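Have a look at these structures, which come just after this line.
In the two complexes below, chain A is the common chain; its partner is chain B in one and chain C in the other.
Right, the complex of A and B next:
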């Protein structure tokens, strides 16, 4: 077991190095100074306490929470590709509650915002669950398509019911001060980090210690045996896993509103819901691993901004590194599995 | 035999991790013969044929087709040498039709000229039928059609009878003979002696990766083959086709013995009672509703179920032995503590069961996927009995197992019955049903009938086909 852990650590490190190398090559080919760019990437992500706390960790929080949501569904064998949409649904609900929370006690306001966000995520997931259980519609498709609906819903909200009072800009009023999360010191880092860590620990305990988590894994790894030999109601477990997954992703949207932006606007998420899939898969759906992969991708996203500022490299360039990392890990996984399969043949 | 072998493997070595699967095995298939490749599970039969089909690269040794040395890097290379394989597991695509599957296999080959053999193979195979709706026997027939559609003149059949009823096995062996009569050559991988004598011209016996016998079947007896297959001096083997008279009297004796025992009706199958303390055999041709009949009890309290497909229905391959134990016994008080699972307790019990049931694995944390078929089945059986059921329903519990593992499973079923459990055994191997059962129920077109005490194979067979 420890060997497996060391191996996945080595794989992740290799993938990171290869990813950065490919990025550097690409930058050189495009005529940028790779050392300057990579230096900027480092300074913008982990190079200083400020970069770490106010850029990297701030971006890691939604990636971790959404990554946990994705992992929860994937563990049950249900592929929730719609974390982005659930994030937006949560953000809309959080904003709506937040702007009405003036004068409420802080904990009540924050609790209400988070609860509304999680419920909105569940509601957003209800349709795919219904479609899957009733008509066998693949959740991959329904959750993915609802992402576009959610983005349209945000556009509607910020130009309609939730538009700021002067009705000029396509964005909401800021949420009440009571609903804003406390920050750590002089940084932009907010209480959401604590929530993300607690959620990761909770999910880890659920997966490894509880009967509920065991059933979830059984359904994901062997649905037929889970049903026949385990007497597990497979469909119900999948449905519940998807709903909780939606709740977590929705909560991620609520945390972003209450901790970072304080207001709703279009393109609130730079694709957190999609990056979260990579975060979850890189961690092999292990909640504690997601804390690290979330941090890694948070750092890359933060560093990309630094690269843009300092070296004039478009921030999207960092996606080359992200994609390479994912490819290397997927490749390593296949190779390791083949080797294991070859080794264990009778 | 004379002339050059159609397919010859010589000095084949293959190691998987710590296991030396083949230690210099030689095999030669002559033109126009059915060649049985006989051996226990794990003897290396499938590995050897997977090498002949390009699925596995040997560590050492050569493969020759018609005397020419060839390197088979993939099944594609093998097909180019006109080698086709019928695998243990179906490779046809369920969502497509019969016709589409054949076209897929044939590739650019224009028309697979059917001929008499083709007609015979296609009898009952509706080209427009969706494959997932086909009965098992027809799906398997389709596998052969697909192999031949690739232009194969050498056919490797990997335990093709494992999923078939007795009458279907005869049909299959007939088809293989017909293929050979039309100029093909076939290898029949099997661990059933009856099939060797029914269909093969020559036989090669593998034992622990070494060839222990090869030659004409006519020179062999069941006993002589069994000896080289299992090894001398290891008892417990019983002929699978012989010993008819012995079994009949034993059956009567057992029936009398149960009269002395306390008999309680535990459940009724299609209106026919099943009693505690005996093995009730279910004899039926595949597709007569016996599966649905038995599966109706799958989640009944006090019923433990050993499902047909241990690899996907019985076990979760990625789970450890411990986890698979907990899977089947989620509410056991030893480890179910509220919403928590006490894994150390479950692990300890798994270790105990491993030693009681002689389950060979690295330990209770070993993934089910790393276990051999026999050991997997022992896990499933151990777990079923751990429920202390009043009824144990087993579907094809020895399917794909070697002689020794089969004997162990049989012993467990007998012991369970002796301990008062009502054991219901369904097997597509009629001989197995007759050998083990105190009473036999025949299912034909969803109707359940008790076979008369002491009924012989022919009588039961007629009931299965609805002749009686």
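Right, the complex of A and C next:
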């Protein structure tokens, strides 16, 4: 068990180093000063208390919550590539409740906003689940396609029903003060971090300590074997895993609205739903690991902004590093699997 | 009466125009899926093709842009092939990562090359070529026979790919690989080489689709401009039941459904435009629900 943990750590570290190397090489090739850029990346992420608390951790919160959602589905072998869309569905619902929450007691308002967001995530996932279980449509494609529908829905909401009362900009009114999360000290970090940590602990306990977690894993490893020899209702397990995955991603949208932006607008997410896939994979779908990989990618996202400010490097370039990390991990999986197969041969 | 036929011509022309890049990308994806490879990187290849065509056209004219787009598409597909076929890593996750990398890379390169404002509308584009005689046919003529050359190419590829897949020896080997790698290998087919070749061909066509978008339609490059068309192309392959002519019909259906918005607007219906933005994706979902089950995917798809 300890060997497995050390191996996961080694794989994650290798992936990170290779990802940053590829980024540095790409920047050099594009004519930037890689040392200046990487220095700015560090200063904008982990280089100061302010950067860590008000940029990195603030971005880590949605990445952790969405990463947990992605991991939950992936564990059951269901590839939810639509966390981005579920995040937006959650953000729309959260904003709608939040702007009407004036005068409510704080915990009620926040609870209502989060609940609405999670429910919206489930609703957004209902169609892919139905299509998968009834018609056999790959959830990969259906969740992906719904991302674009969600983006259009946000665009409609902020120019239509949820547009600010002044009707000038395509954004919503700010949510009621009661629905906003308390901040830590004089940082921009909000209570959502505590929620993210609690959710990670909860999922870890569910995955490792309950029969449900075991069934999830059995289905993910081999649906046919789980059905035939384990007597596991595979369809139900997959459906429920996907719906909870949607709930978590939707909740992530609600937390972002109630803790960071207080309002809905287009491009609210800089691709959190896709980065969350890298977060989950880098942690090898382990909820406790996701706390660390979420922090790491929060740092990458925050540092990318620093890179853009200080070195003029477009922030989107950091996606290349993220993609490289995913590729290195899937490659490492292959190598480890082959080695395991070779080792188990008589 | 004259106005009505003008609306109809406009609708048909828009349907054909919108379906062209989808048809190119979907035909490419069809080839790779027939070989058992599902490539979600097609979106990334299309985006890379779009940017490369803009850069190429700015440097050496539109046809140079077209060639560059195919090269870029092949390069993106080669990255996917190296990881997913060479190392046998998970195809879905690899494809997602490749698309993610393409979004980042094209965004960074376009900002470096064109600045934050993009290249503007100054790119040399491909003119429409009207076919003498045929273009004079009422209503259908202006829609089908006044197209940029890439539009004709997309249509010509359909029977060509059909002939290749179902009437030639290499086509048979490709389909056998998609059904079962083990049996194909036992029959002496170099399965990995076949899959790589199919994937690279798909990448070239996806790049071409990106070039069509830039050089024959929009006239400029914008970040993330493919907006999921690559993913819709994957849905079109399913909808077209893994058959070249089915893919053509599905792509046209898509183009038509999207062109409806222009026709509806021309007829004075006012619906928030965001609902038109949603339509292609919702239609793809509906189509998938209807198509799956009746059609059979290559048995070895995704393995």
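Remarks
Heads up, the rule we're going with is that the second predicted complex is superposed on the first by the 346 of 346 C-alpha atoms of A that agree within 3 Å, B and C clash if a C-alpha of one lies under 4 Å from a C-alpha of the other, contacts with A are read in each partner's own complex, and residues count from 1 in each chain.
Operating definition for what follows: contacts are C-beta pairs under 8 Å (C-beta built on N, C-alpha and C of every residue); 3 or more make two chains touch, one makes a residue touch a chain.
Nothing here was measured: the structure is a model prediction, and the numbers come from that model.
After overlaying the two complexes on the shared chain, residue contacts for A:281 are found with chain C alone; chain B is out of touch. When the two structures are aligned on the shared chain, A:334 is found in touch with chain C, with no touch to chain B.
Of the two partner chains placed by the overlay, only chain C lies in contact with A:322; chain B stays clear of it.
By the touch criterion stated above, A:231 is placed in contact with chain B alone, chain C being left untouched. By the touch criterion defined above, A:221 lies against chain B but remains apart from chain C after alignment on the C-alpha atoms of chain A.
Contact with chain B, but none with chain C, is seen for A:212 once the two complexes are overlaid on the shared chain. In the superposition on chain A, contact of A:48 is made with neither chain B nor chain C.
The partner that reaches more residues of chain A, of the two candidates chain B and chain C, is C. Across the superposed pair, chain B and chain C touch chain A at no common residue. The residues of chain A lying in touch with chain B in their complex are 209-212, 214-215, 217-218, 221-222, 224-226, 228-232, 342-346.
Residue ranges on chain A touching chain C, taken from their complex, read 26, 30-31, 79, 81, 127, 131, 134-137, 140-142, 144-149, 152-153, 155-156, 159-160, 271, 274, 277-278, 281, 313-314, 316-320, 322-324, 326-327, 330-331, 333-334. Chain contact summary for the complex, chain B toward chain A: residues 16-17, 19, 21, 42, 47, 298-299, 305, 307, 309, 312-319, 323-324, 326-328, 330, 336, 339-341, 369-370, 372, 380, 383. Within the complex formed with chain A, the chain C residues making contact are 40, 83, 87-90, 92-94, 96-98, 100-101, 103-105, 107-109, 111-112, 223, 227-228, 231-232, 234-235, 238, 272, 274-275, 277-278, 281-282, 284-285, 288-290, 292-293.
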